[in-house]
Amino acid sequence: MIILLKENSSKSQMNYLMKWLAQKGVDVHVSEGVNRKLLTLTGNTSEIDTDLLKSIEIVDDVKRITEPYKSSNRACHPRDTVVRVGNAAFGGGNFSVIAGPCSVESKEQVLKIAQDIKKSGAGLLRGGAFKPRTSPYSFQGLRENGLKILAEVSKETGMPVVSEIMEQSQLPLFEDIDVIQVGARNMQNYELLKELGRTKKPILLKRGLSCTLQELLMSAEYLMMGGNENIILCERGIRTFETTTRNTLDLSAVPMLKEMTHLPVIVDPSHGTGLAKIVPPMALAAVAAGADGVMIEVHNDPANALCDGAQSITPSQFDTLIKQISKMRECCYKYDSQKEE
Amino acid sequence: MIILLKENSSKSQMNYLMKWLAQKGVDVHVSEGVNRKLLTLTGNTSEIDTDLLKSIEIVDDVKRITEPYKSSNRACHPRDTVVRVGNAAFGGGNFSVIAGPCSVESKEQVLKIAQDIKKSGAGLLRGGAFKPRTSPYSFQGLRENGLKILAEVSKETGMPVVSEIMEQSQLPLFEDIDVIQVGARNMQNYELLKELGRTKKPILLKRGLSCTLQELLMSAEYLMMGGNENIILCERGIRTFETTTRNTLDLSAVPMLKEMTHLPVIVDPSHGTGLAKIVPPMALAAVAAGADGVMIEVHNDPANALCDGAQSITPSQFDTLIKQISKMRECCYKYDSQKEE
Amino acid sequence: MIILLKENSSKSQMNYLMKWLAQKGVDVHVSEGVNRKLLTLTGNTSEIDTDLLKSIEIVDDVKRITEPYKSSNRACHPRDTVVRVGNAAFGGGNFSVIAGPCSVESKEQVLKIAQDIKKSGAGLLRGGAFKPRTSPYSFQGLRENGLKILAEVSKETGMPVVSEIMEQSQLPLFEDIDVIQVGARNMQNYELLKELGRTKKPILLKRGLSCTLQELLMSAEYLMMGGNENIILCERGIRTFETTTRNTLDLSAVPMLKEMTHLPVIVDPSHGTGLAKIVPPMALAAVAAGADGVMIEVHNDPANALCDGAQSITPSQFDTLIKQISKMRECCYKYDSQKEE
Amino acid sequence: MIILLKENSSKSQMNYLMKWLAQKGVDVHVSEGVNRKLLTLTGNTSEIDTDLLKSIEIVDDVKRITEPYKSSNRACHPRDTVVRVGNAAFGGGNFSVIAGPCSVESKEQVLKIAQDIKKSGAGLLRGGAFKPRTSPYSFQGLRENGLKILAEVSKETGMPVVSEIMEQSQLPLFEDIDVIQVGARNMQNYELLKELGRTKKPILLKRGLSCTLQELLMSAEYLMMGGNENIILCERGIRTFETTTRNTLDLSAVPMLKEMTHLPVIVDPSHGTGLAKIVPPMALAAVAAGADGVMIEVHNDPANALCDGAQSITPSQFDTLIKQISKMRECCYKYDSQKEE
């Protein structure tokens, strides 16, 4: 961390600052610039609040040299983390597809969709039991029963399942769920993250609607600080001024995150666009951008889905899409191997 | 709700839609447009998911006529709701000031600030015990002890206190806290909202960083659905592309919300701008825009604050500000009375 | 267009509105809803200002049924427009690559880069002569001389050239330029668009930093109204809160625009991200999303480029990228043909 | 400017950088940090492109110490610039009101409104002759005739007039216009700014919809570089995700700009909100935030205005508003004097 001081700082102000920094346990090296001093801090600077530092009278500006995220930082851990769930894997060259209905509506529905998507090649089944809905008057999910249905379908089909948790107290109900999803609205629910960091379950952490990539990694830190390193990051669209699509899918996040962190990164084009008709091209674009997986909403009867039917594709459209994805990955992989020869 | 059908819709598609609507328990009136039908729905349409409706083949577009928020809607409840806490009141012409440190650091600190701001005219004391921090390595608050300190200072000074809850399970600890704050990051933590809706405590609901005014009111619906009508809405800045200020304080939200809802609306210029130096002008602007109160961070030693010192003003700056606010309100009030004569 | 009236509108107000609409030359059909009237307007409603209409007392809301863009609307013109420049073509299944330096610096530079990218397979050469720079103290381009260099290199290499116009009065200087680019900052410079609509030159119209897809098409209307139908639309990143990348490349714009309009759509990942290292994956993602071309900044010595070196890739990186693009298009194309069999 | 080098930079890379900097004519001072070098640059660094500098291999990061805007920078020119037009003045404690219709429709209309607003206390008359409209099918303004009408009304009423220019070639037509407005869509039309910088007319420079405060000042630099220092900056709303208001009026821009620059700052709540009903409270909020003036759209028959009727208030509403503004300014001014005693 570098601190740039204002010109003409008094001795007493300087002493005050040096004492403040000493309390933080970092080493300080003073360099003389042209007409102002520069302090270089080394040691564990991640705990220093830069906004606070800036509020000290003689400090003109503060610049982090190292990123404030540590455990998730690729600089500290260059090799890809691979998250494995059943036979599926994310990261380190592994690519998997998560698919299923937005909400669990009945066992028949989930089982039917699970069988279809498994045949097409999906690695994991998703389904919402607790649903975060903007309106309290909308369907809120089957809750505990929804999780039970997922667990049963998982047992019958052999597919691992992903479902969203909304509250710390729901955690015991997720025992038979293989991957716990933290939704966009809870990405900065720090108490929940701390609790999940103490479990060993893989966590699917979705980017908040107005959260930066750095904030996403800081939320991953909350999980990793507790010892849980099985984290899959998920880009699912950010909120911008454009209203044609429900959100703006930020695919640049994929190559950027792959550079910033060793954690696997997947993309959810269903929530990211809100429009079934552009889910296939955006899923393919996510693959081309380097994603380690995609999560796709599939419903056998979108018009009668209890939520978000507008963004669900049918099992048959999903089958076509997954063939295109395989073709693209095969062709890109082949290309890569040719390059390496 | 109005549904616009596509041209050339078949009989069977039409029957399908009419059956779907019948299940929702709404009345449907069919009007013939030039070359397409229009359906007007009456009854409880707030439970109909418009996105879902749009995904039905023959539906071209759907338009709500009435807003999806009901309990908070001024159309259904024209008179201002007044929220009273101790001697302070918000709404219906009442204006109050909430002030205090970002975080509770020690009893001495909180007591000293409380005495100062009370003398200046603040109606409520605020202080964070549970702190939502982007980084897990930053100070997370004194937690339970912080709430105890607030309760003690409240007893000694007679000032009611406001503090932020982060998790449903913390609720029992808030017994001696007069107003429970739901922070921006939890505005759409629906499980928490449902729980708080079942209490009788006044709730200070802050707008999420990327939430629309309608979404803010939908979150208020979650609280009101449980029977709690003591809700104070708070504009605290939204996230935009501008980086000079930490957030963009959206003061238009004040007159817009006052029109949309009967609930009181206050403004937090400290978090809304992140810069102590522009807190006073923006607090005055909030008053001029018609806010029912302001919430101001005050710290006796901003540079040593354990969080957000950069946005805190000193007790002496606060004293000047509150005098300016009183002067402005007095002058505007006088003007209003002249107008009414 | 549908107009929803308020309840209890008086006869005289209704007469006023009907007269107002009559003046606009549209036909009006009145349907009776449950307790309010609905007006359906037919005829040329694109000239009716909906904001204005909403300001009329008894109007509750106004909804367009048909989009306000006409000439560019795919609904009116289902087949893809193909824009041909030299041997290159955009749209209707044709894909071309535009490449070259951000600014023209010297003939040697441009010629060298042109020869390199042509060998790799680029179809058009780009180079800025008039440079829109945020700072007046930054390099403003070689201006007229820059255009001359481009024309010479075009003649020597046989590659058609693209360059940006900034002002109507510069138009005569563009005689030997094959495609005139309208930059993001000028997307709503309507006087310039009107002038360019009267030429026959292909126009590369870049999306403004905070412009919606509909606004982009409305700007295309300004060009098409003058008779010019050779328009290539270009997604080049929008402005959001995220600061890791310079802009947020909105790739959903590609499939959305392809549905809304018959005009070809290309992507500029260099300006769209501002970071050379993620240009290749984002270019591939653009191809996968269905773009009709990409525009890539290539510089033989990025560190010494007179502008935007940070986003330029080298000729050798470009060569690798274009091979990957070809491979991907070939593989996707093959897949498509298989599907059609 | 400070340049932070990467660790382990080689001698030859260092020589390359030092040579590059030498060419820019700045002085370089090398300080040794803990394990990397810091370069402090002095001299005219405003012409150095920081993005370019960052693309040089051994450069890790670059930080400006002084802002890139010079002529408009308050640090270099602490006293307020006062822009005077007729009897009106902006800045240095002077406050003026600009009012009038969105577009000039006829001489009768403009004269009537001018007489009304003059009586109420407006200092300048505004009216659009060239209208930037999203749709080519909307009313484009009376153009040259509109300017003539404004000049005639100005002569008859003695009020100075403000009108928007859209194109450099229109400049000769603005001879009798007192203040030339550069609209939000042209804030970064650099060729136009350069041309206007060579005139002596006061310029009203509106902030672009997605432009930062620093970019606004950089555009002011384009004007000032040509010798024109009569610049009034105008906040008129930025584009965000919120759709209740047409734009989000960023009132924090007022105190921030007043600190960054010596130029006067006014606010346009009509375009900033797009809703007549919240124009009065937002105009008052602008005054409270410290604006040097406001610009208000007034129309005697908003429903029949040829553009933007939805955001225009009536002369009678304007009269009430201007009385409230005077009262507020008087009361704040009195307060200020009391404070100074």
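Every chain is named by a letter (A, B, C and D) in the order it is written, and numbering of its residues begins at 1.
Please note the rule applied: a residue touches a chain if its C-beta (ideal position, glycine included) is under 8 Å from a C-beta of that chain, and two chains touch if they have at least 3 such contacts.
Remember, it's a predicted structure, so these values are computed and weren't measured experimentally.
The chains that touch chain A as well as chain C are B, D. Farthest from chain C in terms of Cα centroid separation is B. Look at where the CA atoms of chain C average out and do the same for chain D: the two points lie 28 Å apart. Note on chain placement: the centre of chain B and the centre of chain D lie 31 Å apart, centres being C-alpha means.
In this assembly, the C-alpha centroid of chain A lies 40 Å from the C-alpha centroid of chain D. Chain D has residues 210, 239-241, 243 in contact with two or more other chains. Put simply, chain A touches chain D in their complex at residues 2, 4, 27, 29, 31-34, 36, 38, 40, 42, 60-61, 63, 65, 210, 239-241, 243. Taken in their complex, chain B has these residues touching chain A: 20, 46-47, 49, 51-52, 54-57, 68, 130, 132-140, 166-170, 185-186, 188-192, 194, 209-210, 215, 218, 221-222, 225, 239, 274, 276, 302-312. Those residues of chain C whose C-beta lies close enough to touch chain A in the complex are 210, 212-214, 238, 240-245, 248-252, 254-256, 259, 272-273, 275, 277-278, 281-282, 284-290, 320, 323-324, 327-328, 330-332, 335, 339.
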